[in-house]
Structures are given as C-alpha cells and as structure tokens.
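Below are two complexes that have subunit A in common, paired first with subunit B and then with subunit C.
Let's look at the complex of A and B:
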C-alpha cells in the first residue's frame, strides 16, 4: 500500500485543520486532508451548500473577514493537497486510518497524523429535553447558517456560555422574536472572571455588545437561573424555569436552543491511543498535549477545539503550531521564532478560555437534582434513575461500568452527547468527584458505519 | 473473613455461578477477582445460549445449564434478559447441509432435538433469511441473554446467599500447606482447604504453577452491534460452515439492535488484559452478515468490541479435579462457548466440590488429558 500524500494526514478541515495543512504545504509537503463534510470550513465557518449564494457578511457577521480568509486559504490548498471531502475516519489501526466515503472503504496509512476534529455542543439533560423543537445551540446556529432555517418563530435560548448570547443575537438579527435568553451562570461570575477575560478585550467587548443589543430589543435575559422542565404535548410549548430569587416562570415558546459550552471530539485521539487527563476547569477528560500539540503518542498531533476548547482564532494558531511540531519532529527546519510567536499568542487565548470557564461554568450541580424519570441517554432512552441504580444498587463506580449495566452511551451517538452529563449524574449519585467517574472509552466506529460499506476496488 | 471452605479464583460467570451454588450447598465461599466481576469474557461475549453445534459429550452439561437459564428468576431473582428465542444454524452449501443432518441425528441421542427446515418451509417461517440458504437446523429452546448482566447477577445472588466476593483482589501466588491453600492477593492472604481456579484465559498460568501445564491460547472474538430496527428477528442465527471467515452469527435484541460476531479472531493479551478489535475484521464480517440476513445491509454499525477468551488446543475446556493436587479444582478455558455453560458449570462444580460427584459426566474435560506420561 502506497503511503498517500507524503504520509502526513490531517483530519478535519476547520480552522485548525486548514491552517495545519497550509503550513505543511508551505514546507513542500503534500498532506492528505480528510473531512467528513462535503465542504471545508469546519464548524464556525461552515459553508452553505453548493449553489446557495448568501454573502459571507450575512453568514458570519463580524467574523466574515476571517471566514473569507480561511475559505480562500482552503480553496488555494485544494490542488496542493490530497483533498478528501465527504470522507469519515471511522477507525485507526496500526498507523492506518480506515475511512469511508459514500460506502467505499479505504485504508490510509500515515507517518504523521494531525487530528483537528473540532467540538460539539455540551448538554445537560432536563425533563422534556427530547421533545421535538429542542435543539442544541450549535444545531440552531447551523440551521441558520447553512440552510437559512430557524428552529422556531418564538424561540428561547437556554444554557450558558458566549455561544448562548451569540446565537440569540444571530436569531434576533435574522428577524426572529427571541422569547428569552436564560443563563444558568450567575452574572457575578463574569465580573470575577474579568481579569482572565481581559486577555482578549476585543472578544469581551463583542460579547457585551451582543448582550446589549438583545436588551435593547427587549429580549429578556436572566442569569443564575435553574431550568425546570420543557413543556409540550408532541412538541415544545414552553420552558419552565426558576430565577435566582426562587420565583418560577413559564416562557411560552415554539423552539428551544440549548447548550452549555462545547466538548471536544476526542474519539479519534482515543483510538490512536493518546493519554487523557482530567481538566478541572472544563470538568472534562481531555487528551494530554504538550504546548505545541504533540500527544502522548509519537507522530500523533492534536489541534483546535478537538484538543481543548479555545475557539476559532486559537484553532487556527494551534493548527499551524501542530504542523510546525510535526515538521520539526520529522527533521525539517522550523524557525524557532515562528513557534515562539504562535505559543505566545496561544497563551493569551488559553487565559481567556480559563476566564470563560469561570464566567460560564458547566452547571454540574443540576445533575444531582435531575428527576429520576429524566432521560439522560437520548439514543437508548435511559433515565437518570436507571443510571443512579447502576451506580447504587449495582455498584458501578465509574461510567464504563455504569454503561455496561444501564446502556447509557450505547446508542447511535456512543455517548458523544450524553457521556459527560452521565458522568456528572453518576458522580453526584455516588458522591464522588467527577474525575473519579471516568470517561467513556472510545471504540470504532467513531460514527455509525453503514453495513453496506464495501472495500474499494 | 479470610478463611472459608472454598476459595474461588476468578469472578467471571464460572466463578460467580460456582460461588452461588456452593452457598446453596452450605459451604462458605470467598471469591477473589482481580478486576470487576464479569468484566472479561463473561461480560463482553456475544450472548449466545446455544447448545446445537457443540462437542456432543458436552451436551449433558449444556442441558443442565439450559435448565438453569430457563429458571433464573426463580433461582437468582433476575432473568439477565434470557430469551428462549430459538437458534438457527444455516447451511449454504451441500456439504454443510450434510453436516447439519448428521449433527441433528447424533444430538438426539444426547437429548437435544433439532428441526431441519428446508425449501418453502424455511422461507415461510423465517422470511428474512437469505434466499440462498439451503437448510436451517432449528434448536427451538436455545436462545440468548445479556452477558453484561449475567455474571454480576450471579455475584449479587451469591453475596445475598452469604458468599464473600472481593473485587480488585488479584491473586499473586498460592501455596498449599498441610491443611490449606494459602492464597496471596493484592489485598491480603486468604486460606481454605478447597480451591477452584476459574480464571478464564488466565487459568493456564495458575494450573502451570501447580505443575499441570495446558495448551491454552488467549484470543479475541470480534463483536459488533447495529443501530436498532423494528424487532422481528427472534432466533439467534449463524452460518454453519467450516470456513473460519464465513462463520458469522447474529441476534436481534428486543430494543431492535442486531448484535453480531464471528469470523477471524484477533489477538488478546494476558498481560495487558486487553483484547484487540481489528476493524478490518469488522469489514470482513460484513458480506457474510449480509448473506445470512440480507435486510441488515440497510443498517449502520454503531459499536464494536472484543474480550479476552482462552482457547484450548482441543477446543474443549478444562473442568474437574486437579490430576495432582488434592482439594484443587479447575473450570477454565471455555473456548468461546462458555457463556451458555456458565450456570451449569457453577451447579456442577458446586456438586463436585461438595459431594465428590459431578452429577453429570465431565470426564472428557479432565486436565490429565494433557499430562505427559511418566518419564522413561
């Protein structure tokens, strides 16, 4: 089997992957770039489907210049890389990626691998959250960006984090009557986090501007809230919540966008054998990297939100830095100044991220109070009660054992959605720290693999 | 408690079921498990509760086990999702058909009735089967159960009955003193006059330490599961073939997912205690699964896994008393077919240890079949 594209493979064509590939190309390498979606751009700079012609300003707002720059960079790379869109990496085996493109299997051996797999929304279950009309914040944003659709005419946005305000504002700007922005984090946390957030004054100012614009438009913004229940017969009709003073409210709505920050897509790093460590700030198990993106496995590098959530600008820098590290490790000269500059700029972004974690903490405390009947694992319809029974009566001391007993995380998404929340429920039920509840081990396929897959001729 | 009538090494289905049945017979039991009960082969297997296709002299044990499977709620208080859904072995070639016919005739002598179904009858009863299937051997009382639940359920029942079970108790060494076996573990020493080794794929190491080496190889059967589809395939089914790669099997669980396995195995390590799932084996299973059950092609696979299993050179387990050491008993190396046998092994080992008689013939599994003749 010939090693493709010089044996360097980049997985993911978002900001991190594109900048990594670009840096490799600049060094005279022809990397293979594997991307599950049909087009490049990744999550934040997701492109509309071919044929749609809305201008970048309408799609990406204040980030349109960055979006345009990234898309142009990607376009310029196409002839200079082995570009494989619409291709899912579903397993890693002995230095080889197993990929599936429209039902055709192929094995891609690599010498160096850069994983830039991005992130997904982080959820916290809530009674009624599986009713039609409840979407992730990211899903709500993608609907708007990629298809120009909205999740409701009168939606409520629930959760925490900068994306909460951003998406609400994007909906407002699209002419939607936003019925409320409900944040589980206390405003006071934002004030306390200010010294960290000040690391990126521009972004901080932008966040404040979204909030101000929402307020000006008369949108109700409440902080330090407790979500109670999504009401509705066969689709969402209202959200019940409690304010900081303990007063209950009911917000009628026809859609809910819900998200509590992001969680990295780390399955491929797991399958590659990378070591993980618990990150107390994020309350997540994350793959271990040195500052430059080297994982614990030689020749496997991690960049962007797939390694740690630092946002799109950091992803671009981290992609480039990981490529530099890979180049250096393969014996090519890389200017130390280039790497030092990238590291310095990333340090500020890491500080900002720590600020975000303080300002908008994941509402882990809600896990303890989830009613027993609430579904935690949506795919397999497993309730918080069943999970608690696995941890209690059946003695499961960590989340893989709880999965074996209760099926939590055994469905279509393989715990990518519910895994961290399930660990919180288990930790709360057993009264153990979250780190001790562990993380669901990854297994192939990373995403569902059609049985009709055929070996390429 | 550090002393008991019997110490059991290994908390898979063999160890936990033995502990439970020993308590039923009034013996005190300490079970020592290195990891978590049922976390190795017993918790990762395919879940087949199948008697047909076995080495025939094993049928008395398999029949005894099947009777217990059918009565689990009465015996241990939960059913481990055992479903007597029937089991089909499907032949696609004339020579495989001939083997099914011969096996059915022979199995009858051992108390297992199999229906051979062909032609239109086959398609009428099991319309989802491949049109190219020539014959099915149907074992109506076989079925499947949930491997993740069975050994822990026996462990809970054994505890309720008074057995002492220690997890995280790796056995590091065993010495036989005049009276007792003294078992050194990661959490201290335990002693008992009677000792059962049910350490699965690791059993060979302990037997060798007692001067009874056996030819056992760890290996990793390859498993997977699809997304759900509406529940309509009751029987477990597998391809009857002598070609290893073709030998896939599958079952639909009531939630709708189809669990499958078979074909080439991968490596398993006794030292890391990990079994490898080779995704290329998964790909190699696909055409055979589609041949067995064409509708499966519309589904996606959502997860794959494996487990560490011990295979003996002659493909039958080591079970019974030691050939060398009094008070020592073995039940390990179940060669990929021990899940069905587990409850029966527990009942039989308990009877053997408590009374000196197994109650059913188990001589073919005696460890002395591997003993070297006396030197010279």
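Let's look at the complex of A and C:
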C-alpha cells in the first residue's frame, strides 16, 4: 500500500494539529490531516456552519484575533496538505490508521504520526444528570457558538474551572437569565493558587472580569458547594445543592450545563501503544511525552490538550514543537533556537496549568458520597452501587476488572463521560489511591461507526 | 410542549421541513439534527435500559447519547449530523443493535 502525503499524518485540526501541519508544510512536506468534524478549528475555535453570519468577534470574544489567524492559517494549508475533513480515525494497527468517512473505509499507512486529538469535558455524575436539559458545559457553549441556541432560558451552570465562568458569562451576554453559577471549589483555593496563576496575568485578569460581570448582573455565584440532585420528570426542573455552611438549596431551572475541567482524548494514543503515567496534579492517566511531544513509541508524537490540558495557546506551540521533533527525528535540520523558544514559552503555560489544578480541583471527594442508585455510566445505565459491588463483593481491584463485572466503560462512549468518575468511585469503595484504580483502556473502534461499515468485514 | 433548546441568534436562515415520529417539524438550514429535534421537542431517544428519556449530553460527538434512527433504519448521531429537508426520524422503538 502506498504511503500517502509523504507518510506524515496529523490527526485533529484544532490549534495543535493546524500549527503542526503548518510547520511540516514549511519544511516542504505534504502531510495528511484527518479531522472528524466537517470544518477545521477544533474546540475553542470551532466554526459555525456555512450560512451563519456572526462575525468572529461575536463568537470568540477576546480570542477573535487568534481565531481569525488560526482559521486563515488552516485555509492556506488546504491546498498544501491532503485535507480529510469529516473523517474519523477509529483504529491504529501496524503503522496504519483505519479511517471512516461517511461510511467509507480506508487504511492510511504512516511513517510519522502526530496525534492532536484535543479534549472533552470532565464529568462527575450526580443523581438525575441523564435527564433531558442537562448538557456538558462544553455542550452548552457549542449550542450557542455553533448553532445560535441556548440550553435554557433560565439555566444553572454547575462544576468548576474557568470554563464554568466563561460559559455562564457567554450566556449572560446572549441575554439569558442565568439562575446560578455553582462551583464545587472553595474560593480560598484560588487565592492559594495565585502564585502559579500569575504566570499568565492576562488570562487571570480575564477570568476575574467574567466573575465580576456575572456578579454585577446579579447572578448568584456560590463556591465550595455540594451538588445533590437534578430534579425533573421528563426534563430538568431544578437543581438541589448544599452550600458550604451545610444549608440545602433548590434552584429552579430549565437547563443545566455541568463540567469539571477537561480530560484529554487519549484512545488513539492508547491504540498506538503509547505508555501512560498517573499525573497526581490532574488525577488522570496521561500519555508520557518527552516535553517536545515524543511519545514512548518511536515516530508517534502527541500535541495539545490530547496530551495534557494546557489550553489553546499552549496547543498551538506544542503542535509546532511536535512537528519540529518529528522533522528532526526524520533527519531534517531544525534550528535549536526555534525549539528552545517554544519550550520556554510552554513552561509558563504548564505552570499556569498547575495553578488551575490547584484552584479548581476535580471534586474527587464527591465520588464516595454518590448515592448507590446514581447512574455513573450513561451508556449502559451502570450505577455507583453496581461499581461498588464490583469493587467489593467481586474484588475488582482496578477499573478494567470492574468493567468486566459491571460493564462500566464498555458502553459506546468508552468511558469518555464516566471513566474518571468510575475510577474515583472504585478507589473510594476499596480505600485505595486513585493511581491504583487504573485506567480504562481504549479499544477500536474508538467511536461507533455507521451501521453499514460495521457490517463490512 | 416547548423544546429544550431556544434560538437566540442566526434565526434568519431558510426553513427546512423534516418529520419526527411521523410529525412534521420546521427547522433551519444549518441546524444539526440535534438542534432541529430539540428546538421542536424535548427528547431524542429512550434509554434501552428503561431509565427514561435521553436528549444527548456533550454535543461534541463524545458521549454517544444522541443517536436517532431514520425510518429506513439508519442510525445517526444527532449532534454531528446536519439536518436535511425531508429526513424522516424516529426517536423511539428502534433498538440499539
């Protein structure tokens, strides 16, 4: 089989993938760029469909200049790369990507592979979270950005992290009566994290401005809260929560956006055979990289939020750096100064990231108190109680064993939604550290394929 | 019954018509199937485990909770499938194979 596009493949056309491809093109290579979505841009700079008219300023706010620059860079690349939008990479086998576009299969062999697969919301389940009207925070933002819709006229936003305040503010700006911003992190944590957050004063100031604007508009902001339950019959009617003083509240609402930071999309790195290590700060298993983006597997590179969550600016730098590493490894000259500069700029962003982890930690403690009947896995309707039983009675010592007993993470989302929380539930039930609860392993196909394709041999 | 999603911008796109559970709905060109169905209603499917109605969650192709079926039996992920005029969608009945 012929190796396409010089044998270099970039997966993902977000900030990391686009900058990686751009650097490869600058070196005279014609990479193949595979992207599941119909358009490039990735998550933060996600493009609205053709025919929508809002200008970048309305969509990307303070980031509109960066969005414009990235979209222009991507546009300029189209004739210079083998551009494959609407194409899902669903497996990696023997140096070959298996891709699917609208039901059509193809195998793409590679010599060098850069995975820039991004991230999705990190979730902590709560009773009632599968009710219609509850979306991920990112989902609430996508509804607005990509479809001009809101998830409720009187929504509540629940979770923690900068995206919580950003999305609430974007809804406020869209004219929506936000009924509450409920943060599981204590405000004091933000103060303690200030020395790390100061690594990016501009971003820090922006976060504070969103909060101030929400307060000015009279939006209730509560920190250090405990989410209790989503109420409703066939759709969301209210959120019950407890404040730091132990007082229960009920917020009537017609939509809930929830999210607790982001988790990297690592299934493809797993299928490529990359080694993972537990990251205590993030409380997540992350693929191991050497700092320039080299994974443990020769010729496989990782960049952007798919490797570690550092945000869009870092993703652009990391994409370019991974491309430099790949070029160097294939025997091409790359100026050491270029790589050193990228590394230095990334260091500040890593420091900021550590600050965010301290200021807005994943609320792991909630896992232990989830009522037994709470659905943890929404694909297979597995409850917290069933997971605890797998961990206790059946002696499942880590998540892949628990999965065999309870089917958690066997569902079609492959644990993207439940994985981190399921590991916390299991760790709490067995009284073991999170690192020992293991990680759910990726399996092909990483996402369900159209029926016709599944039927094919 | 009002839908789950509400339009706040980009509402001047051309209308398109599709059918959901045999009922005609109007959507706008450029809508995803998820948007079309949830502006008009409050459900996409039933959980096959009997725990109630689902209407998607992540809107970015990750959670796989928004699959719907066409009357012809094709399975579509509503959040990443553009709504097309004349589509005939079912939100119930069809089992996950």
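Heads up, the rule we're going with is that the second predicted complex is superposed on the first by the 452 of 457 C-alpha atoms of A that agree within 3 Å, B and C clash if a C-alpha of one lies under 4 Å from a C-alpha of the other, contacts with A are read in each partner's own complex, and residues count from 1 in each chain.
Here is the rule we use: a contact is a pair of C-beta atoms (placed from the backbone, for glycine too) under 8 Å apart; a residue touches a chain by one contact, two chains touch by 3 or more.
What you are looking at is a predicted structure, and each value in this text was computed from that prediction instead of being measured.
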In the overlaid three-chain picture, which partner chain does A:412 touch, first (subunit B) or second (subunit C), both, or neither?
both
(message) Contact-wise, after the overlay, does A:445 reach subunit B, subunit C, both or neither (first, second, both, neither)?
(response) first
Winner on subunit A touched-residue count between subunit B and subunit C: chain C
Between subunit B and subunit C, whom does A:337 touch in the aligned arrangement: first, second, both, or neither? neither
- Query: So, does A:245 touch the first partner subunit B, the second partner subunit C, both, or neither?
  - Reply: neither
Check: A:380 contacts which: subunit B (first), subunit C (second), both, neither?
Finding: both
Using the superposition on chain A described above, determine whether A:102 touches subunit B (first), subunit C (second), both, or neither.
-> neither
After the superposition on A, what does A:93 contact: first (subunit B), second (subunit C), both or neither? first
Does the superposition put A:205 against subunit B (first), subunit C (second), both, or neither?
-> neither
Partner chain(s) touched by A:139 [first = subunit B, second = subunit C, both, neither]: second
The intersection of the subunit A residues contacting subunit B with those contacting subunit C is 380, 411-412, 448, 450-451
Note: in the complex, subunit C contacts subunit A through residues 4-11, 13, 29-32, 35, 39, 42-44, 47, 49-65, 67, 73-75, 77, 80, 82, 97
Given the complex, residues on subunit A that touch subunit B span 90-91, 93, 98, 105, 107, 380, 394, 401, 404-405, 410-412, 414, 443-445, 448-453, 455
Contacts from subunit B onto subunit A in the complex sit at residues 36, 39, 43, 148-149, 152, 156, 225-227, 255, 277-280, 282-283, 286, 289-290, 296-305
Contacts from subunit A onto subunit C in the complex sit at residues 36-37, 43, 48-54, 58, 120-121, 130-136, 138-140, 142-144, 146-153, 174-176, 234-235, 255, 265, 375, 378-381, 411-413, 416-417, 447-448, 450-451
